[in-house]
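Shared between the two complexes below is chain A, which has chain B as its partner in the first and chain C in the second.
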Partner chain A sequence: MMAAPVESVCKPSAERSPFSATSFQKKSRSKLISIPGTRPSVQNGQLLVSTGVTSLDFLLGGGLAVGTVLLIEEDRYDSYSRMILKYFLAEGVVCRHELFVAAAQDNPDDILQELPAPILDDVAIHKPAEQPRLPCETHDSLDSMMIAWRYQNLPKVQSALASSSRFGHYYDVSKTMEPEIRQAAKCHRFYLPEHPTESSTTRSPVLKSYSALLRSLQEVIHREGFDVAASMSKSRNILRIGLHSLGSALWDDDLSCHDNPTHRHSLTAFLYGLRALLRSSLSVAVVTVPSHLIQDRALMGSITRLCDNAIALESFKGSERETNPLYKDFHGLLHVRQVPHLNCLANQLPDHKDLAFKLKRKQFSIERLHLPPDLSETVSRVSRGELAGGATVASACGSGTSGNKHLDF
Partner chain B sequence: MLPELLQGVDAGGLLIIQDSAGCSGRHLLKSFINAALNREEAVHVIGFEVSEEELRDGSQGSPTQRLHFHNAFSDPLGWTDHPAFTVHQFNLEELTHLVKQTSHPKAATTLVIDSLSWILRHVSPSAVCKTLQQLKKGGAVRATIGLLHADMHQRGTVGSICHLATSVITVAPGAKGDEAVAKITKRSKSGKVIQEEEIFNIKEDLTVMVQSKASHTGPKQPGPEEQETDPTANLTFNLRLSDTEREAKEKLALPFVFSKAKKTALLHLGPGSGRILYEPDANDDYDQEDPDDDLDV
Partner chain C sequence: MYTELNSILSTGPDSFTQGDFILVSDRQSDASFLIHHFLSFYLRARCKVCFLGLVQSFSHYSAVSQRLGVSLAQAKEKGQLVFLEGLNESLSVLIPQETHAGSQDMDFLRDPAVGLRSLYEFVQSSVRSSVGVEEGAEEWGPPVLLVDDLSVLLSLGVSAGAVLDFSHYCRATVCSQLQGNMVMLVRCDGEEEEEDGDDEGSERLLKGLTHQCSLALNVQGLPTGYCRDIHGQVEVCWRRRQGDGQNAQKKLFQYKVHDKGASFFARGTSSAVL
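What follows is the complex of A and B.
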């Protein structure tokens, strides 16, 4: 189910993004509207927005489809999930979308003040050359391989993921966004402690906090004209919704406190309502949930299924994996739990399931976790399953079942 | 890191001391109270679990007019007509009122809760979390220290409370009798997380002596690199190279090293430079099977 396409003439965007290379406007007969900061998906024609992290866009099939929800299962100390939420909101500011931020723990204004600064004059980073280099450039590098020079131009293991277009932007994490840039974007805030609690006698499956949030969202969408069915008199824009730490105790929910929560279906009912709201409007939502506190795995599965895209972040900080030399280049593991199939039969899952992330200053990179070649002497003697970290490799090799069956000539 | 935490929990901080039946955290809590008193701060203790005498037991000689004990021990649930402090008074308004009543307006106040577990048995965890968050944000108290018995609650509850905390100290019994192991997790304002493990013991006057950093008991490789000996030593023939020999070796032209022009030509020729075109004629026995298939391996 996608956001219903609007029947309108394709309007050229009034202001071009600084990255368009030509002034060529494709004369398309598609009924999709053109909004700055979006592009149609090459797979199924959905309108996509960037999450702010180019590697994550690649994993999700090019970007986040308008009208869908991305669920991020928080890492233990909520550092990286919060970072991705900030990237998402910063991307909205740069693309001139409208923002809606809801939180119960921190004031949304504090979150908005921490947005990373965009690198506006930086060109997208080119990947190591897969195409042959020009002869004038190779003089220095040919000497680097004396004996194996025939392999000079073959790519090294292509570990970083990126799509080739300049759809997303890059951000410098060490600086915060200039207040002028941030104030240019329209932000709607929902801070639960400051929200008046209405006492209603009607019994609903949703907690008061969630129903207040849903009502606030509905009101903003309707008032600002994000409904798909709204009139076409003014130019359309996307609403980016960031919901921080739903399901935590500060939202009055005991999902993360008790093994058998009393408000068991509250968050799931909220997500159902949220998705219905998003499908009929031009908005995108990113929801973070502290899944490490939720003990009921079946409930976590329902929550995942009610969101369209779902990823989980597992940070190495504080776990025994921190000292594992296998993981020394990364900050944590990223698990893709779910990728949606919108208006098509099957979805595009990422090729590689072992993904790890690293937060660098100018990029949040998500890479394939690959083992370096093991050059120690014991490699040929010991069966695969006994190597340190062999668990990640054994499933790929398929030889983990019967351990000692190795050829010995 | 324990001494730094003792010297002053940062303003707006929430420190949780997690203990279990095996090792009590109350002594550490008393050390923290003592340290706060020595820093000329006002300390408000809400005691649910132990009586005032027992809590003041260790701190002799310290100025006690800055230590305000709120008696929640005798009647915490309000069964009598005039309870001193009940569990249901654990919310922001009542606590602020309590603190302002007995405290100097200019002194920094530390609120100590002994223990949070008691409150969690009678009040919902989300309400407790809300109050703790409000205490963190509001200006009534400078810092809050709470004792939590981790084995009394479900994992989610303990996790939710610790998720809010700026620092968590988990005490566990140590190897020797009077020692304990403290696992400390501290979150700084910038979002950085520091973790440490220390062995400490508490002396008679409630000062904390940190013995050492606990050694990691994880599996350690015995360091096979150190045991490798140099294979070129102790031989009857010479396997090493002198400098001149090394230079000569590097100058030697290898047989298939081409000139740069030829290399680039070969590299950029692309596909189709050499293909093997083979058409099997009638006499050839072109067997599609892999001859290795009958090996029984």
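What follows is the complex of A and C.
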């Protein structure tokens, strides 16, 4: 019950091999059941999926390991964290994974309708009804080609691949995903107002809302065969779990309302149960938490430690930094709080700690924060004191006093 | 196990002091690499090990121990290792099924006020079973208890007092009665001087355990900031009373974790710097 390294997926099939006369077992991975949309990590062979944001994949060491949780500390207005959640789900649709979306504020259907459109050049557009493309199948006579009639009977997709062979795709956020593509993916929903919480006499620290969510997750994992221990007869797939805004008041939690919450350990106990579920199934989860509302830093530390990967988004919107010329190329700062080292000793922290992100139309880019070249007439460098937030910017002569005049020679 | 750490602590699998309580703590850092060291160390020393793996799955420790040259699956088969997979057992408690009651060891999840009594009873039964040895079973050395980690119990609602009681009971059984060793990991956040940020009780737990232990290893990040080549510093404190009445002796080292081990060096002597 690992975070699904590649070997555990292939082991049972190797045991079923009829050629067991010798004890020699070839170390090849030819018997491996490959799951579309995954690849093994170069560091330790773990199975990785893409988050939908290629620069985030790079930060996390190549991708999100199957069986782990990514915690996203929301930015103040939940715009960019929600965007990353949608990227994650959209990537699941494109890779034909199954989705599980849970929310208390918005209906999961609304979130699913806002998924960004993938930029498809080599992705086969999957038609919901998989009919065999027999050459004798008649098309509408209006569609029949007159000149290029030899191409008449080829399938309409550009590539013959059943699913995209690329790891990590790009999305156009100005368009939403077409309904045919979205409906092709199997999606499970959990909308909290639809789940009346039954009263129980348990004194468990987990809130009723979270335990209902855990129960629903366990049911889906078990029913759809995502358990690692499930039979290998059917093809395996990955379950992508997106949990929106846990810890907010709409989940009946008062973590973000009070300094001394009564349900102090509810979210952490839930995250513990979530980790237990994930380690024993072929699934991966992204959880967003409104951490800017949680005053207790120690509690935030426990929440972070119970997730495997953790990043925090800090958008410039509405803050004084929005108009600061230093940050004009970016939308906000991104902090990597934690990177796991599962099944190995050393972890791969990113080289640079001062990262900033920008949401462009076709890409969510995360870069090292750098000082833009100052091409104005007056050479005025902002002093270091205005750079709050510990961003060690590689400014060459940044500590000059403000109001420098252009040097006249 | 890490040979450099063995020489720092002046121990080896053939010669280590018994009845020790080793406390591993970290502050805004990750000291789990030391737990892997002690696990492989005591397995090599042919001790009977009881491991409470509360935060990761068995296969994680198994994969890392493989790189350190020890096979956990084999040790488990031979009866040398008793492993409690906290994550597995917790699911049956957190999502109660009507059919079966679930395991007793993680009972504190059902009601944290109850405390860690059932967990202690699990520990007691696994370390004492080495006393009554059946015919043909291998003879193992003194029992060792490893816990990874104690702070997750605080996150799950158990009070710091209950965790201190648990560690006290375990120390009385494992270290005093059976002359075995005990290694526990405690994780802290925030600065040491903050008193009002201690709602979780982790500072109180750390202080209480530091008084109980005989050897403390505190792992922290570098005070000068993040560095790729030096992962942090380890402060080794011997708390056992020496023969001449000296109470505590402290030493500070810097470390770097690689794929197959960790190297420890005196401050400023990292190979990246020299």
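Simple rule for what comes next: the second predicted complex is superposed on the first by the 297 of 409 C-alpha atoms of A that agree within 3 Å, B and C clash if a C-alpha of one lies under 4 Å from a C-alpha of the other, contacts with A are read in each partner's own complex, and residues count from 1 in each chain.
The working rule: a residue touches a chain if its C-beta (ideal position, glycine included) is under 8 Å from a C-beta of that chain, and two chains touch if they have at least 3 such contacts.
Quick caveat, the model's predicted, so the values are computed rather than measured.
**Student:** Would you sort A:147 into first (chain B), second (chain C), both or neither based on which partner it touches?
**Tutor:** first
**Student:** Pick one for A:273: touches chain B only (first), chain C only (second), both, or neither.
**Tutor:** So A:273 only meets chain C here.
**Student:** Of the two partner chains, chain B (first) and chain C (second), which one does A:346 touch, if any: first, second, both, or neither?
**Tutor:** A:346 contacts chain C only, not chain B.
**Student:** Just to be sure I read the superposition right, which of the two partners does A:205 touch: chain B = first, chain C = second, or both, or neither?
**Tutor:** A:205: touches chain C, not chain B.
**Student:** Should A:299 be classified as contacting the first partner (chain B), the second (chain C), both, or neither?
**Tutor:** The second partner, chain C, only.
**Student:** Once the shared chain is lined up, is A:371 touching chain B (first), chain C (second), both, or neither of them?
**Tutor:** It touches nothing on chain B or chain C.
**Student:** Quick check on my understanding: which residues of chain A belong to both its chain B contact set and its chain C contact set?
**Tutor:** Dual-contact residues (chain A): none.
**Student:** For chain C, which residues count as touching chain A in their complex?
**Tutor:** 30, 33, 36, 55-60, 63-64, 67, 85, 87-88, 90-91, 93-96, 109-113, 151-152, 154-157, 187, 189-190, 197-200, 202, 226, 228, 257-262
**Student:** Touching residues of chain A toward chain C in the complex: what are they?
**Tutor:** 1-3, 5, 8, 44, 202-206, 211, 214-215, 218, 260, 264-265, 268-269, 272-273, 275-277, 279-280, 296-299, 301-302, 305-306, 341-347, 349, 351, 353
**Student:** If we count contacts the way the header does, which residues on chain B are in touch with chain A in the complex?
**Tutor:** 124-126, 128-130, 133-134, 154-157, 159-160, 163-164, 185, 187, 191, 193, 195, 216, 218, 254, 257, 260, 263-264, 266-268, 270, 297
**Student:** Residue numbers of chain A touching chain B in their complex, please.
**Tutor:** Its residues touching chain B are 77-79, 82, 105, 132, 135, 138-139, 142, 146-147, 149-150, 152-153, 193, 248-254, 256-259, 290, 292-295, 317-318, 320, 323, 407.
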